[in-house]
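A short write-up of the structure that comes next.
So that you can tell them apart, the chains are marked A, B, C, D and E in the order they are listed, and the count of residues begins at 1 in each.
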Amino acid sequence: MTDTNTSMAPAGEPKRFGSLLEQSDRTKRRNAKEKRFRLYGVAAIAVGLIFLTALVVTIILNGIPAFTQTHMTLQIELPADKLDKKGERNLADIKKVSTFGYNPLIDAALVRAVTEAGVETDITKGKDLRDMLSSGAGAQLRNAVLENPDLIGTTHAFTLLTSSRVDGYMKGRVTRVSLARDKNLTPEHLNIVDGLVDTGAIRRSFSWNFITGTDASESRPEQAGMGVAMLGSFFMMLVVLVLSLPIGVAASIYLEEFAPQNTFTDFIEVNISNLAAVPSIVFGILGLAVFIQFAHLPQSAPIVGGLTLTLMTLPTIVISTRASLKSVPPSIRDAALGVGASKMQSVLHHVLPLAMPGILTGTIIGLAQALGETAPLLLIGMVGYIATNYPDGIASGFLDPNSAMPAQIYEWAKRADPAFYERAWGGIIILLVFLVTMNAIAVMLRRRFERRW
Amino acid sequence: MKDNIISEMDVTTDKIKISARDVQVYYGDNHAIKDVSVEIQDKTVTAFIGPSGCGKSTFLRCINRMNDTIDICRVEGDILIDGEDIYDSNVDPVQLRAKVGMVFQKPNPFPKSIYDNVAYGPRIHGLARNKSELDDIVERALKRAAIWNEVKDRLHAPGTGLSGGQQQRLCIARAIATEPEVLLMDEPCSALDPIATAQVEELIDELRQDYSVVIVTHSMQQAARVSQKTAFFHLGNLVEYGETDKIFTSPEDPRTESYITGRIG
Amino acid sequence: AVARDQVQVAGSSTVLPYASIVAEAFGENFDFPTPVVESGGSSAGLKRFCEGVGENTIDVANSSRPIRDSDIELCTKNGVTDIIEVRIGYDGIVFASQIDGPAYTAFEPADIFNALGSKVLVDGKVVANPHTQWADFNADLPASDILAFIPGTKHGTREVFEDKVLLQGCEDTGAMQAMMDGGMDEDAAEDACIEVRGNGITVDIDGDYTETLARVDSNPNGIGVFGLAFYENNTDKLKVATIGGVEPKTETIASGEYPVSRPLFFFIKKAHIGVIPGLKEYAEFFIADEIAGPDGPLSAYGLVSDPELATTQEAVSNEDTLN
Amino acid sequence: MPASWILLSVLALTLIGYFLARQRAVASAGGDRRLLHSLPNYYGLNAALAAAVPALALLCAWMIIQPLAINSYISNDLPAEVRAVPGELSLAMADISRVADGLSEAVARGAITTEELDKLDAEASDVRSLLAGVGVALGSDVDAQSLDLARSYRAATNTGNILRNVVVLLVALAGMAIAVMITNKDFRARNFVERAILFLLVAAASVAILTTIGIVFSLIFNTVDFFSRYPADDFFFGTRWEPSFSGRGGASDLGFLPLIWGTLFISLIALIVAVPLGLMSAIYLSEYASKPVRAVAKPLLEVLAGIPTIVYGLFALLTVGPLLLDIFGRDGALGVNWMSGGTAAMTAGLVMGMMLIPFVSSLSDDIINAVPQAMRDGSYGLGATQSETLKQVILPAALPGIVGAILLAASRAIGETMIVVLGAGAAASLSMNPFDAMTTVTAKIVSQLTGDGEFNSPETLVAFALGMTLFVITLALNIFALWIVRRYREQYE
Amino acid sequence: MKDNIISEMDVTTDKIKISARDVQVYYGDNHAIKDVSVEIQDKTVTAFIGPSGCGKSTFLRCINRMNDTIDICRVEGDILIDGEDIYDSNVDPVQLRAKVGMVFQKPNPFPKSIYDNVAYGPRIHGLARNKSELDDIVERALKRAAIWNEVKDRLHAPGTGLSGGQQQRLCIARAIATEPEVLLMDEPCSALDPIATAQVEELIDELRQDYSVVIVTHSMQQAARVSQKTAFFHLGNLVEYGETDKIFTSPEDPRTESYITGRIG
């Protein structure tokens, strides 16, 4: 013992600690390191957030115009001799006039409106004027008449969607120069548009239809909306949430807390991490084979999408849940077992609540990923021209053919008319709002469970 | 304040409560308990003493099968409580642990409120018919663990925000709230001041009236004061086991003797 | 299960726009619900089509290529025997470049081959393509770097591009003959003819025309391969090139003057007619003159309408199946 | 009584069972719940489970089996030539069941009474328009035979449903009764309930296995088919990926190597971006950031995981690619001419890395946060700085979880498609230059599967072989990762 | 084995090492340390005694600013070490803690090997020039903490797999390996058997030659044996502070007296 004493403080050795008020060289170096490290952290978050900002700004700049739409108000005469030749106001008879049959009425109204507005123009044929309107105008008229046959024989004011080119002109996307070689509209039309804007017949306003509407065919971008696809995503996410969270958590609990350590559980464990690496398109192949071809669930249905995405989301939830179960200190389990709690009780009462933040994180990320996933939907037929009929009830919400938001966005982004491109970005805004709302709930829950011990 | 030297009450019976035969414990390759056989009587306080690392905690944890939770730990041999082999496959470790309570060496309160820490056991065992009964149980347990005065105003503050000694007493309160028949206490007074220690010792003595208590301690004095039987462990072996008086006055084994006489604690 | 009451269509994304325009109008004018039109590719569509007959299979497959023997084999194996083939028109394939870029306004197949082929004929010899600028081999073309965005090998358009442009150019320049003289058999020579340079000079696009457009948009020198309909919707950004002096338009393609086009089809399961409500009506509506004719909405959107539409109409109304 | 009613009835029985058993248990202990073996809730739950589980299982089975049974019963009456062809049979049955459903609907809406229905004559009345009137569209008119069959179909379904309801209710009742009867104070209810829960947990865990089996089965047949058409050697060791259209005679090169090379290369770039950024973010958030900063920044970063990948793809294509080209391209800022097109492994990797940040950051943050304070105290007490503590104590302690998070990110990188399709270019190449265009296995799976090739050609079937091979490779990687984690695992306390 | 009663070496100086003035500590609303002023001498062992929960650990943690890590904890007043205010904004807590080492009440080994646990401090402070020097430091620290024999064969086994007392000594070894000038020890012997306790006490006495040691203990005997000065805390107040002998033989405050006389530990 005595020899250690001498070696402890050899005489003449410089004192290790100087004044606390000034930092030693080593401390300075270490603190510089510390500061750098901290800076890396700030930088890392900044990079992430800058990237996010860049993305969001791009999305918003591109997408905001989709939320407004240009309309034209026209006084349209609905002559009885054309719409109901027998004059009995019998619906079956009125139905005989197809949407194309309404076009001449619109043409006539357009000619009148242009003349009234006093615009000088070379375009005199009503059919050419009609290029300014959406090709869905005829259908809108027909539906109005079928709903209210009394309109026949009167002149009524209709607010009709203008075509995507006119809308683009109002939004600054389309210019006279760019129309020079366009075959849908000519610069001449724009003079008329200007004139009608002056008279107030053409107006641009907020478009609920974009948020609540159905998909439209490629020839009518102005009519397309996100509403039905939104319902599709909603029902799909409902399935994913209701299945993947409990199954994922249950599987993790079993693996982490109950499963004996053997090759079989290793097999399950490896399996689950491997499933995370399976490309989402392969889950599409699986969904097609199992849910549609084997189980005979309907094609393109949100329930199939939900089931497929559930399988895809499970690994994410399981991996994060297991990681956070693992991080609960063993003494907590001991404490519970020591007072005679069963294993199940110790897990459910103590370990699980403590692991909750990680579980919710996994859920947030897993659901977010599922919400934004397109590839598997390609294979189970949820992409294309699908989101056109509103589901009429809860059951049909799950079972009727529908699309989903990312698939709808994907679809729009591919379409030829640039107006769809704008709607694709607009759709992304809606998707993000959906996502943020969904996350907000989970984030709030997570904050309630966070603690350090 | 009560008398410091607690009067020995004559409540010991000869009934065997716990009987261990040829117990071996391994942590992986490390043979931590070697061939230990011991019979622990009912309504008795038994003290385990021995140098640090000799296997006291390990053996204690065998008695309520807490070692099941350590992956690498392997237990061999038989341990019988009330004549029933607790390592029998029919035995439900949960029921066992409800009957054999435990206070751990390192205080481990749940990250919950003080009240919930104590109420947890009674809740899962259904010991209270209603809220006020539960309140009573909690209060009594905290009082018996000599911590009631310190926490009565902050029952709903987190148990992890207590001082070291308070946490230790909280864990004692938590263990006795479920009223086990056997109570295993691993150094229950290590972080306690003399007065609190005395109170806990008083509690132990009181518990002895009905239950069987096994206590690990490093303080010879404490062993002498509270226990009727003492077991001395050394390097995983049970070196000597017998009446406390006898162990401390005339130990048979030289190892016991040298450990006892080296006393300073 | 509740019986299905709408027509289900799947398949080619090239046909999708037309099918969706028809489906929309069909839903508006008939009491049947709007048909569901999925995309996913011709091949995947035909595969699902051939999965079998029954309610839980699709009724109609859209395709941007003719049905092939192996498809029919699969169909037959699964009991899909009576298939009605409907040709709805043609898809014109055009070369277009950035509107502000160099004047790529007139090509011959030989030019394209000289620019993009991996082996070309230079001074009578077959060599690895040495050209870096268009003007290197044709002084009439601009002196700008060669860069082409061509459809990836998944696209049917690629096949048409290879057959009708590269192979044609190969023959026109005499490279094909030279290769065969050099000892290759005909198949090998054809394969050599359609091989493209890669290496950043030809870029395969696996995505859609929107992606090609984005590329062309950011590369003034680049030319891209597009469908006619896509080009016509984006005339503000693109200028189109003539092939062999012919401008791509619905009329020139329909008349066969413009050489690069491919037919578009859909296929119907005859067994489903009469069972799935509205199926036959949908098919007839699709090829009705007022829809698929030269003045109909499909043509307005960019479909090159089929000069032999009347034959098709008759075949559909008779429910004529493939042999 | 529709299925939802029977469901509600079973639910009601479940509730009743719960309360009865609970009460009985308490009563058997003379009102003193302390004498019970388990908490009263467990007795209740036990009875509830006994009532619900067998009944619901039976209900499910019945709902699957009954239509099959009725179908085969009814189809016996169909002409032999219809029955011979499975497709036609299914269509005929679909038609019959549609008519039957329509008839039920008509009766329910009062468009026709049951007596009228029995007398209904297909020749005399227009069944099609009758059904159209109640909203059921038919593809064609209904002939006499179909109508007859539809009527018996309807009758059989009704009978079956009644029988089903009775049996299911009886089973629920029996389950409940037995559970309530055996309830007494010594009954080990908790053990039963916990075993049931454990069973559920095991079932949940086996979903993963079923999924794997499902994936293998949905890939294997076509994979085998592929290898019967294309030599395995050329696939596994081929260095060229050049599919062509099989119409021309099958001169495709379908080499796997350039694709897996691209996959690994791009994933690596993505991880090089995501892991340091994600980990540093996590560290900053959990250890340095103030509460409000953390509360805001963490969910914000998580938004990155939810933006549809197509958006990232477009971003790569339109923004990041040109930007990189301006720097590394021919006339770029660095004048290095490494990059010849905007789409490159680098473009896709960078953007994908950004997307993966939250996978690493959020999960790691939770795990770092869960390391007990005592570990930090121990290190600070020795005079360690915060970063030293983090690097040498906290991170090692949190390692298993962090490795899990990184694995998850790596998995996503390997499985990602859209970003690659748009950002990396579609060229399969074995280049070492990160600024070259590359493509990945998944991108090719998608493009071959959704393309214009014939389905039964190697060019399309290769998608399945690619999927299968990737599956096996990632499996091997995961086994390796598990082994690594096992070796370096550190446990606190 | 050495003599159990350690000889008092006369190395105390009168130099003030730590001086606290009017220190107040709050945990949220809980006023845990009230108005404590104390001067701790260099090369002296000072013992803090007092009932559980009275604020000993809290005050100890103030001396190396470990309370900074508890969010709700607020410290007021001045604490000077070598005349420098450690709560000054210029003071780097890291440097402070290197100078003022600490052994915590609950053993908290890192989830690392035993070797790495001890080598951690020397590594971050750069105390070793090479591997063999580091080996020496580790070995010496483990020897001085009286745990070398038990762990020398398993230096690379995890520190968390040790018994309670072994963990405690490991933490002591870890603290002294960095050679701090002041060593704060919160009940360093609570889980130790008498022999190990004696060895640690010997270590403390040896450390006193060069350093200043503050030790929290519940054992009066231990306080009497190892310390030269003793501070008695009660309910957050420093009731009495002075020469150990004096505190134990003729305390001034009645509270001190009643605590001392209630001794049994």
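Brief remarks on what is shown
We adopt the following convention: a residue touches a chain if its C-beta (ideal position, glycine included) is under 8 Å from a C-beta of that chain, and two chains touch if they have at least 3 such contacts.
Since this is a predicted model, take the numbers as computed values, not measurements.
Seen from the Cα centre of chain B, the chain whose own Cα centre is farthest off is C.
Chain nearest the geometric middle of the protein is D, using mean C-alpha positions.
Chains A-D form the pair with the most C-beta pairs in contact. With centres set at the average Cα position, the gap from chain C to chain D is 35 Å. Centres computed as Cα averages put chain C at a distance of 83 Å from chain E.
With centres set at the average Cα position, the gap from chain B to chain E is 28 Å. Centre-to-centre separation between chain D and chain E, using Cα means, comes to 56 Å. In chain A, the residues that reach two or more other chains under the touch definition are 30-31, 34, 330-331, 342, 354, 378-379, 413, 453.
Multi-chain contact residues, meaning those touching two or more other chains, occur in chain C at positions 1-2, 4, 13, 31, 40, 44.
In chain D, the residues that touch at least two other chains are 190, 314, 373, 385, 388, 449-450, 491-493. Inter-chain contacts occur between A-B, A-C, A-D, A-E, B-D, B-E, C-D, D-E.
For chain A in complex with chain B, the touching residues are 261, 330-343, 345, 349-350, 354, 451, 453. Within the complex formed with chain E, the chain B residues making contact are 1, 4-5, 27, 49-53, 57-58, 105-107, 150, 154, 161-166, 169, 186-187, 190-198, 218-221, 225, 259, 262-265. Within the complex, the chain A residues that touch chain D are 30-31, 33-34, 37-38, 40-45, 47-49, 51-52, 54-55, 58-59, 246-248, 250-251, 253-255, 258-259, 266-283, 285-286, 288-290, 311, 314-316, 318-320, 322-324, 326-331, 342, 344, 354-355, 357-358, 361-362, 364-365, 367-369, 371-375, 378-379, 405-406, 409-410, 413, 428, 431-432, 435-436, 439-440, 443, 447, 450, 452-453. Only residues 1, 4-5, 8-9, 16-17, 19-24, 26-27, 30-31, 34 of chain A touch chain E when the two sit together in their complex. Across the complex, chain C is touched by residues 95, 98-100, 135-136, 139, 142-143, 174-175, 177-179, 181-184, 216-220, 292-293, 296, 298-300, 378-379, 381-386, 388-389, 399, 401, 411, 413-418, 421 of chain A.
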